[in-house]
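Structures for review follow.
Next, two complexes with chain A in common: one pairs it with chain B, the other with chain C.
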Partner chain A sequence: MSYFWSLGATGVTMGVLYALMALGLTLIFSILRVINFAHGEFYMLGGYASYFILNAFTGLHPLLVIPLAGLATALLGLVFELAFLRPMHQGRIERPDEYAVLITFGLSFFLLNLALALFGPYPHRPPSFFEGTIDLGIVRLSADRLTASVMALILLGLLLLLINRTWLGKALRAVSQDKQAAAVVGINSLVMNSAAFAMGAGLAAMAGALLAPSFFVTPDVGAVPSIRSYVIIVLGGMGSIQGSILGGLLIGLVESLGVGYFPDPSRALNYKTAFGLVIFALVLLFRPRGLFGRKEA
Partner chain B sequence: MTILRRLPLHPEWALGFLSLCVALSLPLLVQSYWLHVFTIGYFYAILASSWALLAGTAGQFSLGHMAFMAIGGYTSGVLGRFFGLPPLAGILVGTLAAGLVGWVIGALCLRFKASYLALFTIAFSEILRMLIRGEPQITRGDHGLHVAPLFGDVISRVPYYYTMLLFLLLCLLLMYWLTSTRVGLFLRAIREDEEAAAARGVDVVRYKVLAFVLTSMIAGLAGTLFAHYVAILTPNIMIIPQMGLVIAMAVIGGVESLVAAALGAVLIEVSLEALREFEAWRLVIFGALLVITLRFARNGLLAPVFQRLLRAGPRAESRERVVADGA
Partner chain C sequence: MQRKSVSTLVVILTIVVLVTSACGSTPEPQVVVETVMVEKQVTTVVEVEKEVLVTAAPEPQVEGDTILIGAVGPLSAPGAYQAGTEMRQATEMAVDEVNEAGGLLGKQVELLFADSEGLPERGTAVTERLIVQNGVVGVTGEYHSGVGIAEGEVVHKYHVPTVFAEPWADEVTASGYPEVFRIAPSIEYYSSIATNYIAAAGWKKIIFITEDTDYGRLNGPVWQQQLADLGVTDVEVIYADPATEDFTPILQRIQQDPPELLAGIITGIGNARLLRQACDLGLAPTAETAYYGSVDTQYPEFWENVGDCGQYVFFTYVGLPEALWNAQTEAFITSFEERYGHQPGGSAMAAYDAAHLLMEGIKQAGSADPDAIIDALENIKYTGAMGDYWFEYTSKKPISEGVPAWMWHQWPTPNTYILQYTEVDQSTGDANVVFPTERATGPLYTSP
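Let's turn to the complex of A and B:
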């Protein structure tokens, strides 16, 4: 039984990080109605940003770099949104739904190849937050992994505060519910689009920066986390905030337990992400709008 | 002149005929190395044009086209390895296997809005790649699966070149024929407005699945041809940036025209080889070009050039007729 609980604990510690990343995707989708296929590349850029900022300012504590990495990537996201997504919301693009898929996928292709050309295919590793391992009683985790989870939990809390308690959060929720009604009360949805996209990019980048000391950074490091986020937002319900948090934790648990109880332990890790695809298919078959989704699919 | 005018020499056919002549005589003109580049270019042309049919005509976005290609290639390769299936039968079985998987995924995802297909196929593609890597007893993983070459001991690249060209032309003809029938009309109607098409009695899901299965089979076919040409398969052929490259080819060529997408693919594959000295920066350039094309030239960069050439044609023809009538 203790084996079960230790797997569960590992699952939850990863799940909060999955939730953080998926929440960025949800924020973008609920405001812009765009699935950001470059989300994994923002995750990757967060890792590189923390590595290079720490190289430039060696005195900085690695934890302080997390918000900086998020900010740098959020700025990049903002520039992209203004240049390529805003024209779409101004009605200057034909067939906007198709354009949204292709332009974000095109950005992903561009950023991945740019990272490959600039940084090479070799893994980079920013310094640890804290050395050693920590014993939680039921499971031993590296201090880096545990720090990443605690930080993710804090960031999730801050984000929920922002969304539920501030004017900006209220405005974002208003736009996600009804763009026209929001415009009537004086909320500029174009500004909210930019804010949501930049925040979403920043969240992915902070997840990437938090996990960079544990899993290293390569140009293609974002592929698996982004796919996991797609599964999470479909499972949680497209555009639902509580859905992506619960979905993130569920996927964390499913992966951890699935790997732990896989019949052939030597191959179990290869199937880690595949469990997500099974869940994806089951959701499409039995509950296409996900756990908390609005009825629109 | 009158004889020329009576021949069915429509400018479109003239252009096609001209490119076909160049393609057919290429083995006489270039070295073996460039023949290889063009063969791979035709492989990408099959993928880009079939992706263009799905995206440009039917408006459905698959990000797993390379997975279907790999299903074709690996099915044929694995059956050949364990059961000694000959390459020709492997091409057939691999194509059908890709179609079967396409049918299952299409039936699962195409009942919903387009974004579910893109989400599911990108996840499917990446996870399939990990499984192929993770089961080396069957697929030999990153070591590469050795596949029997189509023409046995023949060293010359010429037969492979003509085979790939032949299949490219067959696929283009098949897809061109499909888009010119009622089915093509239904698909375009679905792309423009799914609900309106459904209201007019088009069985939306059925035709979306049909288009998806057909293009998946074509991708699978391309995969089997590729496998039996290069004779080795690794999971790296289906990484997401490869999908990005095929999309860049189709979009830069022109996603609404099958021929433009195919020519875009050949052109980009040849430029990638010609620009070798720029190494990793080549794909950065094409990535930037993809994004800029999407934003500022939705019809692609090649398709408008064709249209201009073709539009120039009929005008010249009608002018000639006026002169002839006057005489």
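Let's turn to the complex of A and C:
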């Protein structure tokens, strides 16, 4: 039985981090109606930001760097949104859908190769949040992994507070639901676009910074998390915040338990992504709009 | 707009699903276990080859002031670009040294290094481009086995002499192609060093977590077979995508019945991730479970990523340990460190020697004629950073009865040693050479 709980704990700790990453993508999609194909690169930049800040300021506790990494990447996201996505929402781009796909793909390739040129191909690891392992009786987890998970949970809580209790959150939700109606009550959707893109980039970066001590950072480290995030946001329902959180947890659990109980251990790890995709397919079969997807107006 | 975006997403996800399915259904590679059968295949290949008309290659570019040398290796994902980057650096160094010494055939050598990305189709394309478009005289480099096999077909098609530095698959030279030479160990040879060491150390229950690539899929069954021949039968192989982030669930599964030896045969970032996560769980390396790392354990970045977990890890080192360095090795290491600011790994050493060997072959041939270069390479005696090079089985001494097919144009004594780190932050130079025992500088195994 403790084996089951061990796998479950691993799945939940990872699931929370998956949710944080996916939430950034959801935020961007629900406001801008753009799939950000550079989301994995923001995750990667968060890891590098954490690594280099901690190298430059050796006295800093690694946990303090998480918001700094998020902020730095959010600023980069803001600049990108203002320079390349705003013209699309101002009607200055002839084929905005195709443009959005190409421009975010372009950003992805650019950042990946820039990181390779600037930081080199070798994996780097920022210092641990806390050294050692934590034994919770039925489950033993690395202190880094547990800390990352708890931090992700706190960030998710703060984000929900922001979305539900602040003027900015209400404005974002209003734009997400109906841009024209939001404009009528004085909400500038262009400003909300910028805010959402910056926040989305920042969330991905914080997920990257939280996981960097466990998974390290290389230029292509964001590839797998970004693909998983696309799965999670569709599973949870495009644009749904609670759907992204539940989807992240579900994928984390299914991956962990799937690897733990798949009959053939030699292939169990290889099928890890496939376990998540089975759940994804099953959910879409019965709920084509995802777990919390809403009908189009 | 949303519908279109969703459609795009669905298309992408479909591709992901298809790729995942394709990976999962990768057929098991056929492993030849009977030497006699291998020889029959090679004999057939060699016989057929005599009759095959080689595609007319473009004239090698030796007309102007330069002579062009092609090199291939992974410089970007999904290839092992850490290794590829230092291979490029070492190859550039070798070419610069030859140019400083007066060049080749009275001309300066120009190196064209192409990124094969760790993908066979990419390796095929860039090698063909180097030959057809650029007109290189010879090719060197490569790291990945699957890519090396594909590139071997191209250089054979255009009859371009090639000295491979790092692809290990037996098939690279077992093809019997006259153009292909290799200084890296074959998988059978490389594996035999590790399996003999494992048997000598006395571990009986072993789990390998190996990467799900040509390299890993070829390795797994060979290791199992060799260990079975040595009387070690409780051996399990688990395959993993080398880009796997989280090994924890499978490690928790292994922890239910821990082995005496856990081996991580994963190149790139996966090597350090696997070790770190096994260590975090308290699974390995411990007094009960030893840990065997992949070749990437040799790189200095290993310590930054695994910290204290790296102590007591052992690994196969393809290169010359410091205790066995010759004058050329000393000169290479010193120059490399001065030029690039870090110690070279075994891949750099191999790339450096392979490039020099190719250029020495051209020099001894005295022309850019492929047949003359191949003939020169078949008769070469050259001392490089990793030792004295020669090729035993050539057109003048074909593979004979009882000799494995991969010995064709193969350096017979590639440097392959087992090293163990006994201290944190130890360099490969300070690590104990623990096997083969006649070259050992420390005890067979030091337990935590």
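Keep this in mind: the second predicted complex is superposed on the first by the 283 of 297 C-alpha atoms of A that agree within 3 Å, B and C clash if a C-alpha of one lies under 4 Å from a C-alpha of the other, contacts with A are read in each partner's own complex, and residues count from 1 in each chain.
What we mean here is this: a contact is a pair of C-beta atoms (placed from the backbone, for glycine too) under 8 Å apart; a residue touches a chain by one contact, two chains touch by 3 or more.
Quick caveat: nothing in here was measured; it's all calculated off a predicted structure.
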In the superposed model on chain A, is it clash or fit for chain B and chain C? clash
Now for A:Tyr122: first (chain B), second (chain C), both, or neither, which partner does it touch? second
Regarding the shared-chain residue A:Pro87, is it in contact with chain B (first), chain C (second), both, or neither? first
Between chain B (first) and chain C (second), which, if any, makes contact with A:Leu285: first, second, both or neither? first
Tell me the contact category for A:Asn270 with respect to chain B and chain C: first, second, both or neither. both
What is the contact status of A:Ile35 with respect to chain B (first) and chain C (second): first, second, both, or neither? both
Does chain C touch more residues of chain A than chain B does, or is it the other way round? C
Name the contact category of A:Phe109: first (chain B only), second (chain C only), both, or neither. first
From the superposed pair, tell me which chain A residues show up as contacts to chain B and also as contacts to chain C. 35, 97, 101, 113, 116, 220, 223-224, 227, 230-231, 234, 267, 269-271, 273-274, 277
Can you list the residues on chain C that touch chain A in the complex? 1-6, 8-10, 12-13, 16-17, 20-21, 23-24, 75-78, 81-82, 84-85, 209, 212, 236-241, 243-250, 252-253, 256, 269, 272-273, 276-277, 280-282, 299, 301, 304-305
Interfacial residue positions of chain A with respect to chain B in the complex: 35, 37, 83-84, 87, 93-95, 97-99, 101-103, 105-114, 116-117, 220, 223-224, 227, 230-231, 234, 267, 269-271, 273-274, 276-277, 280-281, 284-285, 288, 297
Using the touch definition from the top, list the residues of chain A that touch chain C in their complex. 3, 6-7, 10-11, 14, 29, 33-35, 96-97, 100-101, 113, 116, 120-125, 133, 140-142, 144-145, 211, 214-216, 218-221, 223-225, 227, 230-231, 234, 238, 255-260, 265-274, 277, 296
Enumerate the contact residues on chain B facing chain A in the complex. 55, 59, 61, 63, 108-109, 111-116, 118-120, 122-124, 126-127, 130-131, 133-135, 191, 239-241, 244-245, 247-248, 251, 279-281, 283-284, 287-288, 290-291, 294-295, 298
